[in-house]
Every structure is written in structure tokens, then in C-alpha cells.
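So that you can tell them apart, the chains are marked A, B, C and D in the order they are listed, and the count of residues begins at 1 in each.
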């Protein structure tokens, strides 16, 4: 058996665990060291560190403290890793912690970060997804069941000082374009609830005051939320510091392209079994700036799709210029309207798009002024037929069940 | 054998063909009528109407007259079709015209529309792709060969007056935000080179003066350039006018998600074999605004990918806010840099991304401020191994062949 | 366009065509010569040379003259090919002849060769399958429609004298074990209806008297009836004579593993577009006795299966020893019984198993005394749901249509 | 978490465990009862009950006592199940026992049962396969690595008396055709090492004396060794006794079609997580004699194959009549010869065919006198390219490592 190098105790605060951190900074000490070629297990908290409960009340999603996120396990030091190398990470397996055999999906309140469709779903809602072996279903969203495409939403190596400074500089410049905006345009360094691994006292506070938040994906990978970087995948990460300093967390049992519900996929605590190797000097050899990866040979075969199109004209009829973000939002809204014809509430349909292995494709980006995006909805996740027919759709759900909502206070 | 209802003669100007048009307008007369359930063949010009030649000189791409595009075959009237119906189109097959067994891909000059990466490839270039049965290869891009994922880049039904007015109104409003821009933000109605099917004289000029250009995708589908709407697919189109008025063209032998080279995919003349049916009242029954479709059971199985990530920080290091367009551009540029390590020129790599069945996924759109997009490059199209290894890449191309370039005049 | 090197005129007897033959013999003269690297087209008759008509009477299947089969196009000489080489054949495309846009499937009378289930379907029956672009359906078998997995049932190179002698010797030895058997255990050389390409007169009769029939697959490939050796595949054939002498025919629009109906798949006339190359000395280099091949990247994606098991206990309850043939027959019979519950007649179900892209797997061959075989039935070819449910099956067919039967005379 | 209803202690003899048995008999008492709809876990021994060790000595494979096999966990009673029902079993997940994170593959001595190719590999050999998360590799077979297609080789419900009598009767009749044969044609009831669950004393001995051995697959399923009945699959089993009495075991981490090495696949101890439901009266409703199943949506995507053909002419050149068993043996031998060209020993190649997810297809069974079978070898399991090329194969293995062999005593 592979050794578990980092354990987490879900009954304890992640802040008590020195092998966990929730910021990016080159001074965070390596938690454990391994050799190239080693394979081992790493446990992780869910991204919120246990703030969300398995119940039918969305108040915890409404009241979540986002300064805490994301709790990552690491950094793992790989002996011999040097800046400019590529760290090859083979994700051998991922699973849920025995004591938390469920996950959650939520929509944040528009007042607390919102989500991709926050104008349509402005208040906090939460669905709970139970795991049945490799499958999941929800008491809040009847009629769907899917095999998990389990993946870490967040994985990458520590930045060096130069990279960190660049991140902070460009993100601050963005925030400065609209400094009073709520929510802000980016999450700048913030010492509140920062957890810097083994760092304590002044060292911790100094590092936390300049550490990058874990929210966005960046050059090192980080919070990419790429559903296809799943168990079985092999990823090549840029290395910026000696030892690489690989950290990971934010496990998802399943997610759709875009993670449009923001909170997020089906979020879970769990473990990863990984193997690490080095490609010396690989960044230069292969011209690598961002991570590249080969997806897993084991992914759910949901390849019978119904595809929805969207263009970059927004809900109010306003014309945008080649804006894929707007186009994908339209494709998502089109899919939600469609699913409502079969009896789903809008919130349930939204949750399906956020959690099922839907694909979001950038289909056309040059035909001015409209970008075209497509949302690929897998038919096989539904217990009933969702293809169009001449008789029109059948309502398979009677509306008696919906996703709990917690009104803004 | 299914009858060929619309024929095109590639040696004649498309303007001589009354069953061809290059604008959208409700007054374009139906060219041929069919019954629901009928299957038949339709021939089409390439999108430029034959302006591009099979040679090694990109001057024709540089000098292309874009007011002509796209030459569509139709409109086809379906008896009994009424506004509010869905027109179900089963694409039974697509092929090249015997006398034009090749296609072209090009980059427009930045002065003439450019493309997704026009700042990196500002001058006109052209590659020719020969068809070998179901496969294609190019004398200008050695080392790759792929099976065609043949599809119509452009297909949809005639708008009614109200829809047309809305299109014109919103696109003009966009242009008016920066009226002097070159190129303009949208292609507004323009009578130059307009071809309105059977319309002639004043009727033609009046309609052309208000007809929508075919450039962008819109509610009816149109120029979606969705590679997966390929032969074997079944699509459901909104109907706005009596008889539906289905038109199609802009055939592609193969294309990557985004059609990033703009000119475009592997562009071809050819024929489609289709069958039409009606879902009466289907728009309301299923809540349809844009077309939906089920992809084909026959598509090339290129499912072993190397995936490149991109985030919404542009080439100059500037931070954009959740901009998928910027993120996908970075993923494309990352892939191009990678392929250059194997000996491709940048232009060849760009052409591969534009023509091969690459996928472009909207991977993350909620993690402020960075969108994350991924470009999926199919390994199996290459004649050599492109996976990273510890020895670094091998240059398989010696640079002796490149894609012809025509400098701006 | 690739040149058509061998043409066939379906209105003429194949015996008038010197580039056609229906026996294997090293003395059959090369019909056309090509260079390694060439790609070209070859037309073929259907395997019976046009004996079966598009009508609703199975008398032609009952009365077919099997001494005529199979009409092959060739032999094609490849310059430079020598014994011991491998001939690499890339099947670039296959299609139907314009003037015969349909195919046939039949069961032979038990008195004329029968088929895999001849004890259950002892009399001649015939179904006609119309081609709709890449798809097929039959007026005799409602409720199914599938995309073609088009392939040559028969393809291979000429044997040399030594190989021919070995074939004749071993097959005669088999027949001699039960010389009076009807039908015989093998089809030995027979001059009746032999067609030896360009050979005439005494040369023809001498060669025909010792030429191998085309019925079985042998070391050179030949009548393998492998559905996966389809358009897009690349096959490596052993070469026994100078010039290789490649011939092919017996095109199938679609077929299930085993070609259990014997007559056979969906049989068609048509054309192949192929490219040939040589691997010099490849037989020794790679230890090749029988052909090997890489299947096509373009095959119908019917991968949602219902799987039936069979074991080597026959219909009468008799126990056989690790007999896969018996086990697969049971799996087929089990599938037929199942489909009958949905309203199909046994003959219709049998025809589906013979023509649809069903898989037949050798699942277990070591667990004495029972072999276990599985038949994989693709759900997606049916217009209705065939999965089991708690309510039991729905009869979707009312029995008003069946496959025409011609009683034995 | 699902409860573990049957646990096994690998350090104890399976004969000490009352919820384990190694024979089929209606009198074996139900070990645990569940309700329809329940999901739960079941642990199992490896099929030999721990006789094979993780070392480099094949003596244990040579000396294995086959009267012990197969140790099954069960019978599980499902409340309300009655003869004639179908028991729907959803395999939610399968995994290895933490304390045995490896499996074994072996060839039996020809004197002890042999295997599919026992004439070529007549002595006992053993390879050990380590599990790395979802993947496996072997120190005895370099250069290959594959994701597991984990499945129970053996699963099914208890026979009733009538079924049992029929099994015994027909198998005895087969043995009686050659009663002195070594090994015998079938494994008849044998009290040696019989384990009858909770039965003891005279009851046990009486039942054991007439209980069916677990070796072959039969009507109830049983030892089908179908690799595709893997985790995620849904199977429908015939029910013969009240409560159904479902038992399972013989877990395989990975196996090729045919399980040609007999001992067998990659054999493992482990656990299954399953859910059971009833289709009342389902046998009659759906005409079911043998189990049917829907394969898993999660299986390794190894779909790039090199395919080997075999015909029913045996190694000595003897012609067999439509014998798929012989044809598949030839295809296997052809693949072994091919792999030897890359440096594998014959035994290593044989082990790969027995353990990797190779497909074995019944490609043609009607073209007298030759059956045609195909073996599909997945390219992606190899660390090097195995496709043929003009330069011939490269020896990637130097022969320094082979599979341990234990000579017959």
C-alpha cells in the first residue's frame, strides 16, 4: 500500500493542520518530502474546510466565509526539482473519505460572489449529493444519476517571488479599474483566515499579507477546475522553486465545464493517490508556460449528447462582440429552459449543468460580432428520455422537491 | 437515389444560380419545395464562391472580396412548415464535388478581417488540403493527416421581418459604439455583391439593402461553424416563416473548435444529403430559442489528447476579467509554442489548430478574475509522437516547407 | 480525383469482365498494375454477381447458384512486391454504386448451405435494406436504423502454388472424413461457373480445376467477413507472388460479428478507394502468418449495449466441451427470444443480429466444460427502448410485416 | 457508508467463514438477508483462498489444489425474491483489500488443468501484478501498464434442485464419453475441500456430494469470466430459489477476453459494493434463460487496437470445421509471435493476452470450413510503439526478465 503522507481530520479545524494551507507564497515551508518516482496518498479537506453540512438548509452556503478558501494539502517537496523543470504528476486514483460519503453543490448569494447565472439565481441554494460507489445522486434533484469524473479542482506548485509579484501586480491593476465594485474584480491578498502551513507569528503574517489568494487559475495551474484533469490523468506542472512545492485540494466528485454554479462542482473531502516524476529543464524544452496534461483512460462514457447553442447576445437583447462568456451563458440558459419543460425547476436544471459531466465548447470565435458556444448535455444521466419528439415533452417531475434556498438576511 | 434538388456549376459564377443567395431576408423566394419526410441532395459552392485556387500563392486569400460571402444553397421550402415549428434536419451524408477534391485554409490579412491570432499572423497565408477518401493532408503542413469531420459551417432558416429588424438594430447599435473602427465591429447590410436568389431589379436591391449579412451565427443558427454539427447529426431549427426556408453552405472538410483561422476550416464545395421533418409547435413545446442538435454516431475517433490550458491574462501580461476569449487565445498560443519545438513553423501550427478536430473547452468561468480555457490537441493526427518525455522533443520537420504568404500590398 | 482502375457494369454479367474473378489461383493474370504509394478506386459486384433482386420475393435467395461466388475485382499488381513482403492497404473510403443504392440480407435454405441458425430458420428468406446516405433501414424490419460500418467481406492477395496446394490438401482431407455429407464440409475446387479473369480456354479450365474456392478465410485473409476491417482501416496482407495480386469484393454495408445469417451481411455492389504501400520483408520481420490490421478512426459510435450470454450447452440440453460455436449460437438465440418480446418475428430478430454492428465476444474458453460467448446488441439502433424494466416489455411491432420467405420446392 | 455485510479475513482459512462457500447447491443456507433497493459491501477471497503468494516462485501455482476453488461470498438472500424473477444487480464499485494490493496471473501445468495454450506453455508459471491506484504493472512483464477493468469472474444465484440435477446429469454424460481422460472433460461433484457455508456434518457431506462445482459458467451465470461485467455494470440474473441466494467471488483486476491463461486474469481478493433490485416475473416477461447485462459507463478507454486474425486450421496444419476455439487459438499464437519480435518472451506475451483488456471477437462463423476469430490488442497499454513500420520492429526488452517457471515434479 502507498503511504498516506498527509492526513486530515475532518472533525478538526484545518487551521490545526500544518500540512494544509490556503494561500500561495514561496515561503510556505514544504510539509513533506518525496523522491521522484514515489507514489503516495494525500488527504484533503473540502474546499471550505467543512463549513457546509449535509442537511436541507442553505444557510451555511449563504453564510460561508470565503476568506478561508481553498484549503490545500501540501506543499509536497520533490527532491531534485529545480525551477524550469516540469513536475509530472500521475493521478493514480482519487476517492472520498470514508466518513464523508457525500458532497455538496451550491449557488452563492449574489451578495457573496454569486455565480455564472447569479442574475437568475440571486439567492443561496444548496443540494446534497450522495455517493453510491462510483455513482452519485441527490435527494434534491430527482431523475439524474451519474458516475463520478473525480478530480482536484485545484492543484499546482508554489510560485517564486517573481511570479507572485507579477500576480499581485496585475490583479491589483484590475481591481484599481473599479475599486469600489462589490464583489471586487479580483481577490487580493488578505490576512483574514489565512493559513500558511507551518508558518507562525510574524513570518506567517508577513507572508499572508502578500500571499496570493487561491481563487483564480494562474500560470502554475492552481484553481483551474478542469473536470478532465481527473483520476488517471497525467499532468505536467511548471516548477518555480526548489523542491517544486506541489499542493492540491478542492476535490470534486463531478463537475460540468465552467463549474458554472461556482460553489461549485459536487464538492467533497477525500484523498488522492499520486506519483511524481521530473522532466528536467522541461519548461524550456517544451515551451511550457501553463500546465499541459493527458486525460485519463478511465472516464465515464457519457457520449450521447443533446447540444445547445448560445450566441453573444445577452438576455436583454444587447449585442456583445465575440464574447464567449455571454455566448456560453445563453447556451446554459437555453438548456435550463429546455429542462424545465420536463418538470425541473430552474434551480435544479442549473445544478445539473454545474455538476454533471456537461461539456462547454468554444464553437466559433471569429464570426463578428457573435461568438458561438455550445453546451453538451449527456442524455444518459437522465432516468427518462430527453430527446425532442413530435408529441412534446413529458413532465417527469411534479415539482414537489426543490433545492433548499436560504433568503438573504 | 435521392434527387439532387439544387445543383451548382463550379465553373460558373454563383450569381448565375437562382437557387443560391448570400444574404438573409424573408423576401428571398423559396428555390425548391419538398414534403416533410423527403430526403434529397443539395450542392453548394465553397463559401467564397470559388475565389480561392489550388496553388501555392496566397494572393487570392489576401485579395478576397468578403462582401460576397457566404454563398448558400436554398431556400428550401418545406410544405406545412409554419412559424413556431421546429424543422428537424437529419444530415444523412456530406461529400466533396468530384471536380474539386481539395479544400483550403487561410489566414486573412489583418487589414481584411484578420482572425483569432491576427496580431501574431498579420499577413495573408494559405494552405491547400487534398482529400484522400475520408482523409485529408496538405503539402504545406507535413506530418499530419486526419479523417474529415465534414459539416456545413452555415445552416438555418430564413428570418421573419421582426427577427431581421432585431438583428439589424442590435448590430448597428454595436457598430455605432465605434463607428470608425477598421475592421468594423459587425458587418451591416451592404448591397455590394449581394445575391438574393431569384430576386431581381428593384425588389432585389430593396431586400439587399436591409438583408442581414451571413457572417455571424444568430438565433436561427446560421454561421455557427460548429464542427460537431456534422454528417450524421440531427438538428432542430426554429422556423420563422411559412415553408421554413432552409439554406446551407460553407462546407468544411474538417475544423477545430473556434474556427480560429477564420478562413477558416478546410473550406470546400460539395453536396449534402438531408432529410427534413417537422415538429409542429416545437419552439414553444421545448422552449427553443436557438437550434439544438444531436451529434452524429459517425465521427472520427481521435480521443487521445494532449491538453493545453490558457487563462485570461493576455500576451502583454494584462489581466482580463473572466474573459474566455482571451483564455482560449492563450491556450492556442501555448499549443503553437509547443508544436514549434517539434519543427513546425508558427503558421503551420496555427493551421493545424484551425483545421484539425481540436476541442476548445470552457473549463472554468467563475474563478475571478481568470477564466480558464483548454485546447485539446488529438495526438493521433500526427505521424510522430508529440507527448513530452525526459529527452525533450525531436524536430521532425526541417523547416524546408511552409505555408505560402502574400505580403500586404 | 483518384482514378477508377477497375469498373464494373451491373447490367452486364461479371463473366464479361476480365478484371473480375471468382477463384483463387496464382495463374490468374494481374488485371491492373499500380506503384507503391498510389491511391485509386476499384468497383465491385455484389458477391453473387447480381443474382438477388430488390423485391419482396425470396425465391432468388432460395435458388441462388453458389458456385458463382464470390465475384472479386482484381488481381491488382503492385510493382516491386515480392513474396515475403507485407502489402499495406489503407482503405480510404467505400461506397455504394449510384445505380444500386440498396443491399440485401438473406437466409439460405438448409438445403443450400443454410446458416448459423439454419435449424431454426430452415427456409430461404430475404430482406432488402435501403441506403439513406450513411444510414440504412429495411421495409422488412421496422424499428431499426443504423449507420453503415462499410467493409469488404473479402480481400487478400493471390496464393502461390505451395499455399494453394496446402489449402486444397487440407480441405480435401476434411471432406474425406464425411464424403457424402450434404452440404459438404468444405467447398473443393469446382469448374462450374468459374471465372478466372483474363484466362481463357484450356489455361482457364486447368486453373479452375485446381483453384481454391473463395468461400473460407485463409492465411491470406480472403473471406474473413470481419466487420471492423472497414473504411478507414489499414491492413497488412502477406504477399506470396510477385506483384502481390490483391483482389477484393463482397462489400457489406453493415454486418454483425459472425455474419451469422450467411447471406450474409447487408450485401452490396460498390467501390473502394484504397492506397497501397509495401513493407519489404515484413512477414519475417513481424512474424506474420495471417493479416493484421488497425481499425478505422471512423466507425459508428454505437457503444451502449445490452449483452446476452451463451454457454456451450445446445438447444437440446446436450453438453459440449468448450465449444465457442455452440455458446455463441445460444447467445444469439437468447437475443432473438428477447427481441420477440418486443414484437419482432424470429426472422426479423435474426436479420438484425446478422446486419447490425453487434459484437460477438469469446468471453471464456477455459472453464470446463462450458465456453461462454457474449453477443453485444447496440441499444441505439432501435427506435424504442429495449432495456428491461419492472413493467415488462412493450410490443412495438404488430406483426403485420415480416421478412419474405420462399418455401423449398 | 454502505455496510459491509460479509467480511473476510485473508489471514484465516476461508473454511472458517460461514458466509463463504465453494460449491453450488440449493441447500446452502442464506448467509445474510437484504431488502430490494439496499446497497451494501461484500468482501471476497481470491479464487484460490490465498494459495498463491507474492513471490518469484511458481511452485504454488504448480501445486495449487483446485478442489478448493472458487471461494464465493454469499449466498445473499433478497427478501421477496421468488423463482422466475430477475435479480437486478448494480455493481456500484469494486476494489482490492487494503492488505493485498496486488494480484497474480499464472499458467497451470498441463498435468493440472493447463490452459488455452497449454501445449505451448506446459509448465507452471506465475507473474505478480502490483496495483497502483487504478493501474497495474508487473515486475515480471516490463513495458506494459494498464488501468483495471475490475470485475467478478464469478457471480450468480443458487440453482434449484431441478437445475442442479440437470447440470450434474449433462456434465456426467460428457465425462462418460471419455471417462479416463486426464484432465477430465468436466469437474463433477467432489466432496474434497468442499465448503458449504453454514452447513456442517451430514447435511454438509450430503449436499457436497451432489453440489455442482463452480468451474464452468451455466444458466445462472456463475463462472462466466466476462471482463465487461465490471464495476458500474448492471446485470439481470435468473432467480431459481426463494430469496435468490446471490453469491460472488473470483475478482479480477483485469482480464482479456477468454481468460486464456486460466489462472487466470489478474486474480485478487477484494470487495464489491452492490445494489440489488427485483424484476418480478422477469424471466418470463423477457424470455431470459441466461443473465443479460448492460456494461459500465466507466471502463478504460483503450480503443486503439492492432488486430490479429486466426482461422480454424491448427498449429499442425490440420483443418477443423468452423471451430472458433481453434481460430481464436491461432489469433492468440499470431499475436504472441508478433510480440516476441519486440523482445517479449512467449510467456510474457501469453500473460499480456491473459491479463490486458484484449478483445476476442467471433468474426466469421459461416464460411466453411474456416471460422475466423480476431484478437484485438490495445496499443495504449505498451510503453513503446508496436505498430508495424518499414524499418521492422525494435527490441525493447533484453530478455533479462521473464516469468518464473516451476518445472513439473
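The definition used in the following text is that contacts are C-beta pairs under 8 Å (C-beta built on N, C-alpha and C of every residue); 3 or more make two chains touch, one makes a residue touch a chain.
Here the structure is a predicted model, which means the values were calculated and not measured.
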Starting at chain B, fewest touch steps before arriving at chain D: 1
Contact-richer chain pair [A-C vs A-D]: A-D
Greatest separation from chain B - chain, by CA centre: D
Distance from chain D to chain C - Cα centre to Cα centre, in angstrom: 32
Whole-Å gap between the CA centroids of chain A and chain D: 40
Approximate Å spacing (C-alpha centroids) for the pair chain A, chain C: 51
For chain D, residues that touch 2 or more chains besides their own: 301, 304, 380
Chain D - residues contacting chain C, complex: 86, 88, 115-116, 166, 170-171, 173-174, 183-187, 215-219, 221, 223-228, 236, 257-260, 262, 264, 279-282, 285-295, 304-311, 313, 317-325, 328, 330-331, 334, 337-338, 340-341, 359-374, 387-390, 392-393
Complex contact set, residues of chain C against chain B: 1-2, 39, 91-93, 98-99, 101, 132-135, 147, 231-232, 273, 275, 296-302, 380
For the chain A and chain C complex, residues of the former touching the latter: 301, 303-304, 380, 385
